[in-house]
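Below are two complexes that have chain A in common, paired first with chain B and then with chain C.
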Partner chain A sequence: MSANPSSNPGGKRRRIRKMLVDRGIDVVLLVFSLLMLLPLVFLVSNGFKTPQEMLAWPPTIIPANPTIDNFAAVLQGTPLLRWIFNSIAFAVLSTLAILATSSIAGYILAKFRYRSLNVIFALVLATAIVPFEVYMIPLYFQAQSLGILNSLWGLLLGYLVMSFGIFLIRQNVIHSIPDELLEAARIDGAGELWIFFRIVLPLLRGALGALGVLAFFQAWTAFAWPMIVATNREAYTIEVGLALFQTGFTVDLGRLSAASALVLIPSISLFVILRRNFVQGVASTGLKE
Partner chain B sequence: MAAVEIRNVAKSFGPTDIIRNVNVEVPDGAFVVLVGPSGCGKSTLLRMIAGLEDIDKGEIVIGGRVINDVEPKHRDIAMVFQNYALYPHMTIAENMGFSLRLAKQSKTEIARRVGDAARILGLTDYLHRFPKQLSGGQRQRVAMGRAIVRQPQVFLFDEPLSNLDAKLRVQMRGELKDMHARFKTTTIYVTHDQIEAMTMADLIVVMRDGVVEQIGSPLDLYDFPANMFVGSFIGSPAMNFLTGTVRQHDGQQVFETGSGFRLPVAAGAGASNGLAATLGIRPEHLTLSSRGEGLGGKIVTIEPTGSETFVVVQLGADKISALLRQRLTASIGDELWLAPQAGTTHLFDSATTKRLVSA
Partner chain C sequence: MLRRKRWLFAILAILPTLAIFAWLRMYPIFETLRLSLHKWDILSKNKPFIGLANFQELLKDRLFHEALLNTTIIAFGVLIITIPTAMVLAALIHYRTRSRVSGFYETAIFLPHVVSLVPAAMAWKWIFDARLGPLNAVLTFFGFEPQAWLFDPTLSIISVIVLCSWQALGYAVLIYLVGFKSLPVSLFEAAKLDGASGPQSFWFLSMPMLKPITLYVSVVTLVSGFNVYAQAFVLASDAQGAPGRQVRVLVLDMLENSFRNYRVGYAASEAVVLLLIVLVLTLIQFSLLRERGRA
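Up next is the complex of A and B:
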């Protein structure tokens, strides 16, 4: 075709038009992605600015007099690393707990037929429509009576089970693991635990990866619960810690930016590592909390 | 190898009876096919033998041992599923060796037995691939290989060929038969396809609505169907049924169809005069006859395939189909006379649908 364009003038025009449309789409996407990235870029650059430059107009992307005073102040004046550690420990343990509870409960709800399981599944779904704020206070008193306020266990109390995760795994098991596979394994001589660990879990890798990312970010961005369960500074998570920079009357922009920039490092690294799972998780469920 | 006995077995799901008092004896080393329309309970019966469904009543015996309460893995059986049920995350070799690994066999023993089975099934080159990289026929072979390596007492097959295309199905049918000839392992095979049943079975069990309608060798079922259901289910194209009455005519017992045609009934058929009956005639047992002899009517369909011709003729209210070996130069609307070959028709009691005797 392309060897003799004169024989097909319409084809060439169509190709050019298609190319222009493609470029147009690229430009629109590029503009929007820049708009979405800009706040992050400013956040990082503000961390390096002096207070005067931060309030200057027009704002600069690259600081004129870069300074690391903000970072030094944050790291010296607040237990920021401790908060990051708390957040990571909280998010990792919560993710592991949610993966474990979701995979076991989701598998059982999908593949075992007892009438009582339907009731349990309905209850699990029902908890998803109760806002956390409704049972936050009772949960606090529970944590208090257990004596786990201001500890990792207290943080985890509300984040061990995720009803959406159970639902996600149940749907995934129903869709991707036929009964015959489990029956074949039973005939082959596998016990129920063996089947779960050697057949069900490996086949759920994709779904568990997606759920893991969702669970991690749910815990990482949790605010209300860590806020009420952690009452001393050392027990804060990073989200709560960052809020300290904003009081009712002032916002310490320099230190807030510096701390936020530091906090971005772990979440961005995790996102880079797991971005395929993340996209898959959002795409396969069409839902993101 | 072992014989399998199914004694007075029953099963219901809630109020629905799936299996009603079934008795089947599978001789040691036999190839037995359970056949019937979908929903007849054949798969459920197979799953009860495998231990995947509980047995509500009766007992199932494998090799002299009642296995009602024995776990599937201790029944010494291997099952091949319709969708193959290969473990997607394991290689072909791992799939085939899975049961041996669970049985704590040594690695060399597993490799030897998997290698043997792979050689028999022509899978040697695929042992390190994953199931999704194989074609349907190859996956089917892997599923068979997984069954073979266990060297079980009984093979159970649940519609293993229904996911394959027609040509591959014929080929795999042959391979399954070869495999049975080679290992002589007792085999119970479920299908809804009567051709599969006829070509593979030593013994066919025809089921309907949870009841065994007839048990017999393929040709027994073809020649002596116990009732109208077996008559219509076995054989292709399906048997014609003409309703009518048994009468006395010219000193002879005859069958008179609703449209007034008379066909002879063998003496000693045991039918009383006036009995409302149904005559079954297989399409391949009809031949061309001269005008006024047998059954006649206008052709509604004619399908020549070269070796044979399939015609459908309208007989008053009834239609009758015939498969003729003779060349037929006729077209739709022409009159055609057909007569059944002597001794090939079947007389059924219309009330009970049971076969009286060859008419």
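Up next is the complex of A and C:
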């Protein structure tokens, strides 16, 4: 910019204009952000409303006489806590499985150059394109023949590996772990397993964090697969439980909102805490090249 | 000797993952392809090979046509809303990237993408609700007729599109933000010196340079649009329990054929159609990218 703006009336005008533009953009973004959040805010607030207030227009954001009746009714009428437990167990186990398989496979595919491995990588790449919905029906019959429908293991069956996780780790190993480092360790007599656990894994901490958060939310928000695998009430995940609960005829909006809020609040808090990891993980999905 | 040992380690280490992949990905994908050529009603033991008969029947199946049409409209509807909005929002957020609140913008716009789908859909059900919903109240306030959002055949599809776009937007904005950050700053400074305004450099510089990203986000959005299921499922019944209008989408039709009508082979042929759509979209993406690489 110009060295001495104060002596230049044009520069001053330009600065004022820039400030106005900045404020204008801020207003647009702020309004848009609030609109995006509004449905969620209303959902939580509806959970605390009495049936009368639910009908009031305009809808209040902060309930006039907040009540926890809806929450009490939901917790009594449905195994909501059980569903939340199922979802958490499913998501945690799936995350662990994906972290384990992705880190080993990603490292091997990045640093060991054999023709057989190229074939394996091509196969992983090819299956990555196929959406889960395409093969979930045969997968369902596989779970059935194992006798693990309606169980945590049945849910897990669809979420043990993640092609994208393997790419992500492979990319990270290629970019952040030099061959020289591994060669030096080998010359010093380090075994392959020692190298993987003591050198590679610690260097992948950031990438594994991002992938872990991604995998957790993927399982936490899974819908179609839990929906077909879990058919008895005790085995539902929270998503399936809520979806089927809301089709019941006697359910009112206050209770539905309360149940939804109970599910939303922990996942939103988790997201806000892990936001950096999550954004890094999602951002890297767009940077495949 | 050492080389041989290293090769053995690599194979042994990757074997468990490869086995899981073969067992839980490649095999069921192959099964889908195989079953699509067979007739199987779950109960009977034999699955006779019937060639392309399933696909021939799909050509005449009204419900399948409806599902395919709805799904296509939803996928492209979400695309048309999401991509331009995301691009502009990302440009604005990128412009204000040094302001203290830019983190808030990012989080607020991204949050709908991560929250659980069903509770979020519940919020929208209330918004769209014919009697209690704020959307109709706002319409009445401005003198419009209230609408039966979740019952009318057209409006219920629009409702699904709105819900899906609300969720897809955050992802697209995030990917665009990564794109904007990777653009060379010097180019924009040069444009500024030449007197280009903000909107001009957005239109003539950012947009063409972000084409690969636009292509990528478009394909991802379309593919997830074609797999839409939960949103349609949740919006289909109205908040008071009266069943709303079911927006028939591909995945729903497929699951119904498989688990309600016990026609697994037929459902598999629908899955193959879904797979073909996704493959075509992915091929278009790759070939367009390659063309760019050559140019």
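The definition used in the following text is that the second predicted complex is superposed on the first by the 267 of 289 C-alpha atoms of A that agree within 3 Å, B and C clash if a C-alpha of one lies under 4 Å from a C-alpha of the other, contacts with A are read in each partner's own complex, and residues count from 1 in each chain.
What we mean here is this: contacts are C-beta pairs under 8 Å (C-beta built on N, C-alpha and C of every residue); 3 or more make two chains touch, one makes a residue touch a chain.
All values reported here derive from a predicted model rather than from experimental measurement.
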Side-by-side fit of chain B and chain C on chain A, or clash: fit
Touching partner for A:Asn172 - first (chain B), second (chain C), both, neither: neither
Please indicate which partner A:Ala184 is in contact with in the superposed arrangement: first for chain B, second for chain C, both, or neither. first
Applying the document's definition of touching, compare chain B and chain C: which contacts more of chain A? C
After superposition on the shared chain, which partner residues are touched by A:Ala261: those of chain B (first), chain C (second), both, or neither? second
Quick one: is A:Ser94 in contact with chain B, with chain C, with both, or with neither? Answer first, second, both or neither. neither
Using centres of C-alpha atoms, tell me the angle at chain A that chain B and chain C span after the overlay, to the nearest 10°. 100
May I ask you to decide whether A:Thr78 touches chain B, chain C, both, or neither, giving the answer as first, second, both or neither? neither
Now for A:Ser45: first (chain B), second (chain C), both, or neither, which partner does it touch? neither
I want to verify one number: the closest Cα approach of chain B to chain C after the superposition, in Å. 6
Between chain B and chain C, which residues of chain A are contacted by each of them? none
Of all residues in chain B, which touch chain A in the complex? 50-52, 71-73, 77-79, 81-83, 85, 87-89, 98-99, 102-103, 146, 150
Which stretch or stretches of chain C touch chain A in the complex? 6-7, 9-11, 13-14, 16-18, 20-21, 23-29, 31-32, 35, 89, 92-93, 95-96, 99, 101, 104-112, 114-120, 122-127, 129, 132, 134, 137, 166, 169-171, 174-175, 177-179, 198, 213, 216-217, 223, 226-227, 229-230, 233-234, 237, 239-241, 243, 251, 254-255, 258-259, 264, 267-268, 271-272, 274-275, 278-279, 282
Help me check something: in the complex, which residues belonging to chain A touch chain B? 178, 180-181, 183-190, 194, 199, 202-203
Contact residues on chain A for chain C in the complex? 21-22, 25-26, 28-30, 32-34, 36-37, 39-40, 42-43, 46, 54-55, 57-59, 101, 104-105, 108-109, 112, 114, 116-117, 120, 123-124, 127, 129-139, 141-142, 157-158, 160-161, 163, 166, 192-193, 196, 217, 220-221, 223-224, 228, 238-239, 242-243, 246-253, 256-257, 259-261, 263-264, 267-268, 271-272, 275, 278-279, 282-283, 285-288
